[in-house]
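Next up is a structure, given as structure tokens.
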Amino acid sequence: MSDDRIREYCGLFGVFGTPAAAEATYNGLYAQQHRGQESAGICTTDGRRLHNHTALGLVTDVFDRQRLDALPGHAAIGHVRYSTTGSCSAVNAQPLLIQFAQGEVAVAHNGNLVNAVALRERYERRGAIFRTSSDTEVVLHLLADPRYSESDDPLANLLPQLSGAYCFLLIYADRIEAVRDPFGLRPLCLGRMRDRAWVVASETSALDIVDAAYVRDVAPGEIVTLSDAGLSSRRFSEEGAVRPAHCIFEQVYFADPSSNVFGQNVHQFRVATGRRLAIEAPAEADLVIPVPTCAMCAAQGFAEQSGLPLGRGFTVSHYAGRSFIMPTQAQRDMEVKRKLNVIKDSVRGKRLAVIEDSVVRGTTTRGKMGALREAGAREIHLRVASPPIRSPCYFGIDFPDRRQLIATGRSVEEIRDYLGVDSLAYLSLDGMLACAREQPDQYCAACFAGRSPIQVESELDKLAMERVPTAARA
Amino acid sequence: MSDDRIREYCGLFGVFGTPAAAEATYNGLYAQQHRGQESAGICTTDGRRLHNHTALGLVTDVFDRQRLDALPGHAAIGHVRYSTTGSCSAVNAQPLLIQFAQGEVAVAHNGNLVNAVALRERYERRGAIFRTSSDTEVVLHLLADPRYSESDDPLANLLPQLSGAYCFLLIYADRIEAVRDPFGLRPLCLGRMRDRAWVVASETSALDIVDAAYVRDVAPGEIVTLSDAGLSSRRFSEEGAVRPAHCIFEQVYFADPSSNVFGQNVHQFRVATGRRLAIEAPAEADLVIPVPTCAMCAAQGFAEQSGLPLGRGFTVSHYAGRSFIMPTQAQRDMEVKRKLNVIKDSVRGKRLAVIEDSVVRGTTTRGKMGALREAGAREIHLRVASPPIRSPCYFGIDFPDRRQLIATGRSVEEIRDYLGVDSLAYLSLDGMLACAREQPDQYCAACFAGRSPIQVESELDKLAMERVPTAARA
Amino acid sequence: MSDDRIREYCGLFGVFGTPAAAEATYNGLYAQQHRGQESAGICTTDGRRLHNHTALGLVTDVFDRQRLDALPGHAAIGHVRYSTTGSCSAVNAQPLLIQFAQGEVAVAHNGNLVNAVALRERYERRGAIFRTSSDTEVVLHLLADPRYSESDDPLANLLPQLSGAYCFLLIYADRIEAVRDPFGLRPLCLGRMRDRAWVVASETSALDIVDAAYVRDVAPGEIVTLSDAGLSSRRFSEEGAVRPAHCIFEQVYFADPSSNVFGQNVHQFRVATGRRLAIEAPAEADLVIPVPTCAMCAAQGFAEQSGLPLGRGFTVSHYAGRSFIMPTQAQRDMEVKRKLNVIKDSVRGKRLAVIEDSVVRGTTTRGKMGALREAGAREIHLRVASPPIRSPCYFGIDFPDRRQLIATGRSVEEIRDYLGVDSLAYLSLDGMLACAREQPDQYCAACFAGRSPIQVESELDKLAMERVPTAARA
Amino acid sequence: MSDDRIREYCGLFGVFGTPAAAEATYNGLYAQQHRGQESAGICTTDGRRLHNHTALGLVTDVFDRQRLDALPGHAAIGHVRYSTTGSCSAVNAQPLLIQFAQGEVAVAHNGNLVNAVALRERYERRGAIFRTSSDTEVVLHLLADPRYSESDDPLANLLPQLSGAYCFLLIYADRIEAVRDPFGLRPLCLGRMRDRAWVVASETSALDIVDAAYVRDVAPGEIVTLSDAGLSSRRFSEEGAVRPAHCIFEQVYFADPSSNVFGQNVHQFRVATGRRLAIEAPAEADLVIPVPTCAMCAAQGFAEQSGLPLGRGFTVSHYAGRSFIMPTQAQRDMEVKRKLNVIKDSVRGKRLAVIEDSVVRGTTTRGKMGALREAGAREIHLRVASPPIRSPCYFGIDFPDRRQLIATGRSVEEIRDYLGVDSLAYLSLDGMLACAREQPDQYCAACFAGRSPIQVESELDKLAMERVPTAARA
């Protein structure tokens, strides 16, 4: 994907029963850093008390040896987070730790609740106070609400109040609870370390880094408890068991190619989309090149299927994105330039099949196509390994609003013209879903298809929580 | 005072109606940095929304040009805070900003609530969640409680629920509310800047630095509102109007000598105690020397009254207290050494009247007396310009518990022996109170006299809020 | 290349005649960050005086807006540097700025002088003092030596004293001098910005980022002067004009694939080596995978030639190498793990042709092959797109000494056994050189072939300058 | 002294024969931090090699546990430095470490060489290169000059080349050499720690902090060697033995009151000047107040002699000088305000005898006098405990040039008028010198008297070394 502003909200990791739980969590978050670069946090339990540290920044910025050593205990949960610029604030960093009548609990959340504003208003009317602009905070109020907290199973009883996409990790002094929403929109998997400690993570790449074997996914509508008694499980909803709605965009863009999500390897899904794309929309070209770095898998499939040679058209700076902020447009263009260098001799005089995983706003893609043209590419045939994005996402993916999406109200020909390429084709919706392991109706493809698996009352915007006044910063 | 661990909790500053409110607040906090070195924060309003920034550290560490520029608005409140090591945590830094049914509010607090645990438990039973270990957070829950928030005057109605010492500054989008407890335990004064902006501060030194003229003190039991409509006032309690209980320790130790608190200049109070001390407990000495830097005023009075020459026995390092932490005892002793150098030639062979403002644990005082002896002082007559401290304080001063106070269970002779001085005398309680401007019964001298002006149910400890599990850290 | 400790010493950039020379240099260094990550520096001239800033760290760490603004002037030189751990010291960061009888000059150097110790001793005997352990410092002494400094062309007269590989940029108040050694071991090219400013850089990727058009290489034995009078050129040696000795390792490993060095595109050279490797050492395989990220070009060539599909076996963390230091071996293994994730589903059950650009120590390669095996690869056929490295480099490449090179005293079969692969083949020396644009005898391939183009008196070691006592640190 | 820009260049500390030499040096520098706040450095020897660390900042900023641990060895020298803004540069931080024909040496210098430019030019003509703008660097060239380095006693032979004020500490692998110039302009004393290690320091306060007993001063024209063989001494000059020229300004302003310099306690000297001032220029006043913090000793003497009460008119912020830089004049005025608060009630309606140690530019003094007046002082009688400063200093004190001195070309009456006080008197030159322990002709009072003890060829300026182009920055 060319538009770097589009990033998912979060990655989760939890471990119970290993001596250096904070360090394992550090590694597990590191392997999922691509899921969120804005803040990071780890909360451990020593069996009696919780120890939490969160801050803005990458995992490697937020934690060092000393910080990890100050987080004792045999169990931990961790979180990496991305959010929009407006709400980039230390108070929103997770895990969120609270004290309430039952003691302490900390929560980490991946996803987005579509009824958070309604729930928040309900609690505010009763006198609740809020310190963040995160939808996660309402879950804390539900947890503390005597209606649930004094029930036989507070968590199972309150979860049906939530609507939207969510995976939660909750850590108490004596246990971790891992929850996945009834539709299974976001991934969450279980693994086991060599020392028998249980691990829970958004992606299997986090299991690999701690040498944990994959056991199974947390099921939609399931609560898994990790404690000294081992693993136990219960259902709080049967809804999604019938028909889940896995986010297809995890496969298309977010997850690491080495990960399995929803029971399928991400790399293989993407290779398949590339193959399919070569069948649906072949290109007369001398060379297949991916737009780095995400489209490499799809380009591999496209090349394999088409029999065209696969090559490199760009090199990527390993140091991109770390430059200080330059305020003028000329300087922002420079920043884009710093990230990708065209290999001029590789593309000069060539007819190129350029493979992209997805196109959101189109502005960056346009710049890259221009750079190829300037380097002497003879023809540019852009092939996108997913359908046009036509709708914002209400379930945790930070697409811009409808007006900024290039595919809104534009024909493919108009988009082609805007991007300045000789031909343009997108993979069909059916074609994309055919690459997935489950039946097409088991996925949420609302951003492509416009049909949401969950009822969303109104055109929500991701800063809705912030229109209620907030600006909280620590 | 020789025991550097004893520090008050907080200093407050607020301003309404000046263009660069954050900068004025920065200066106002700077002038009150002696009231709290652990964290600092400023919350501004631009008329619509609040903007808050808080962090651990000195005012000059927490804020720079860029941070101040990110706090727009014509009104602001600020806070500096000291707390015990155990609860040194960024989540406790104030102002505390929340959203609730009525919008946004941020609160800064100086003092200590003696019924905070009871209130907290009451709200927790109803489902409230807490994120800090600060007693201030219960006030936020009271503010949001519909019982008060939906009443005609939420603030005036909820304040009678609070027991203890408190000054509050609350900032809303459209106003600042300044509150002082019914007994007026902590100081709070009003001033006016040259541009007619209203200022409220713990000490008048903060008025001076922003060129504000002193107007009057906020009265015990009064709420003052600063808004576009100017200043308005109302009473929420008449209790203290009859007999206030001003903390005499503000005069003895905390406040800056250039400040006026409770209507009296601190320097002059201290000079008066020194004079009185010279009458009550004269010393046969060649030279009067203060223990730097707080006892200088009292030493001046002692010298004036006694006719003895006033001189220096120590120099103070301006760089003390900034060294990295050295874990061994030998290294801690070195730290004390770094702070004060004895001027050997000044004290050698002399009979010294050494003036101290107060003695808490006695360990540091003992070290200093030893250094004077080692430098060749012939006789050391220690004179303390306040009575022995016999009780902990429940109202915001961080004395150690009773067992650590040197005066607990020890006669003056036993203390003299411990400190290794030739003679020791404390100023009498009556003598000290006679130096104050108001009648003796207008002051709280519970730490000296053991009688508290407010009913305290049990032997509270300042970490009571933390025994409820917390460990919250950001 | 798998052994991340092997890095070249430096990258150079200079510009004359553009308003924001420091900023252009920042960008030019950024594009060459892969040539040195240890220190960075920029020295500008405002026409009268030089302004220098150097520090340890990446370009983006060392410079920010404020730092660049403090470097005024229309001309600048810059330097990025890698050196061995032992001499990682701020005093060695370049450009090195001195004052001497003729005024000020700053020098930036890429390469290695093989007679630096001898020259240093000569000057020390005369009373010279040294502050760094860098071979570059002797050049400063030559510059100031009246024997040269008072001659008609100091630079041209002193350069014949130097033996080894070098490109120098020297900045004076009024000009930049760019020098390339007689054998042209290291690359140096000239370009021109749109505003007609002259640019000089190690690699053409640095021209691209400042929108400069490539003009030509600085010739071996040439001095180019950039000044208000434009560009002028003179020769100080004709030696290399007959037979240059371009470092083939620049093509094999160091330079960015988007760059042209020695008149040839790096990517295309590497693709050609991959093709040649497929002819010399074909593999029965299902899939060709590169070891990221450097072997991607060679893998492309190998796949093209062999007709085998090209795919991905690993994903790379964009955040690798930024973690805090972990002292134990277990923790260092973790660091390797963090960098590369195997895409298990991509390699499981497959016969793999794994393409590597070069193998130095072999330890990291062995780890990666083990990871592929563990992920279920059926067969691993490792193909290395360059010959075995058998000799250290005396000209600026930081290979370990002979004993640590895996190819020293080991047959290919023994190396295969050590790496744990099913088959292993290296590209032949002739095969590699056949891929280069110039005749084979125009390149230095001493690390592969053992024959040095320049006489090196003894087995030098790169820390020779440090055996003379140094430890200089700022 | 009211003008905070006037600070001496340096403080020195050295120790030989103690296990934790770096830590002792850290403490010794800490106790002399008032002698230089711009940079700090420590160089140790482990018997074989030197280990140096220097940086801009306070001792506590530059060093932490880790840094000290990286400086092994049983001997060390350290340096704190102030220099003018123009040459505030990391490359100038001392000790300066070099390698030369004889090995390694590091040098720390307190003072100023008046013939440094001439020496520098001499060496530059021979081909020497310079990297700093410090006069100390010429000493390094002399040390390496074969004319001296190959002589029987290099140090003793080269020192007569130097003209000016200097104390040097030189550390070699096996010894420390401590040198004091023939006139003894700057102080340097010897002490002995309890473990028998030898200590050398600028001020005795540094001996006190490491529990070293004062032994004696290093004599003018003496070289003291500290090594495994203990202490040995030799003379390189007999010049000053006849008539030294101790800098009286060390007594008046620089040294810590707890120190002894030139055999006399600083506090007692200052008390004596205050007494003398009261005799020479009595004042009809109600209260004697010092300008904090330096004039406290003189004020004590003035009060004792006059019989007037001694009190406080100002409080000092312990946090002053740490605020971020504010560029406008209004903001700089605010910075002054932050440093000193007038105790209004202490001065209102009073006739004040205000004691100042010295007045340089007069601008800050004027501001303070205005603040007293504004606070309601009835009369202000300013008494300065030293004569008018009429000449810049060529020997290491950073006075502004002649035109900026308030006493240049102004009568006392004109100065009084400028400062806005009711009366003004300076202590006489003879009066001041009468307070010193040695005969008047044993002191350099050139800044007051205009007569220099050493021939200074021309009106030097302290940036002379910088007019030779420099701008060296690391």
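Observations on the model:
So that you can tell them apart, the chains are marked A, B, C and D in the order they are listed, and the count of residues begins at 1 in each.
Everything that follows uses one rule, which is that contacts are C-beta pairs under 8 Å (C-beta built on N, C-alpha and C of every residue); 3 or more make two chains touch, one makes a residue touch a chain.
This structure is a prediction, so every number in the text was calculated from the model and none was measured.
A repeat of the B-D interface exists among A-B, A-C or C-D. It is A-C, with more than half of its contact pairs matching by residue number.
Note on chain C versus chain D: their Cα superposition corresponds to a rotation of 180 degrees, in steps of 5. Using CA-based centroids throughout, the chain positioned farthest away from chain C is B. Centroids of chain A and chain B (each the mean of its C-alpha atoms) stand 48 Å apart. Our note on geometry: chain A versus chain D, Cα centroid distance of 61 Å, whole angstroms. In terms of their C-alpha centroids, the spacing between chain A and chain C amounts to 37 Å.
Touching of two or more other chains is recorded for no residue of chain C. Under the stated contact rule, the graph of chain-to-chain touches is a ring, a single cycle where every chain has exactly two partners. Taken together, the chains touch in the following pairs: A-B, A-C, B-D, C-D.
Every residue of chain C that touches chain D in the complex is listed here, in rising order: 49-55, 90-91, 93, 96-101, 103-104, 124-131, 140-141, 143-147, 149, 173, 468-474. The part of chain D that touches chain B in the complex is made up of residues 27, 30-31, 33-34, 58-60, 63-65, 205, 208-209, 256-258, 260, 265, 267-268, 271, 293, 296-297, 300, 303-304, 309-312, 314-319, 322-324, 326, 334, 337-338, 341-346.
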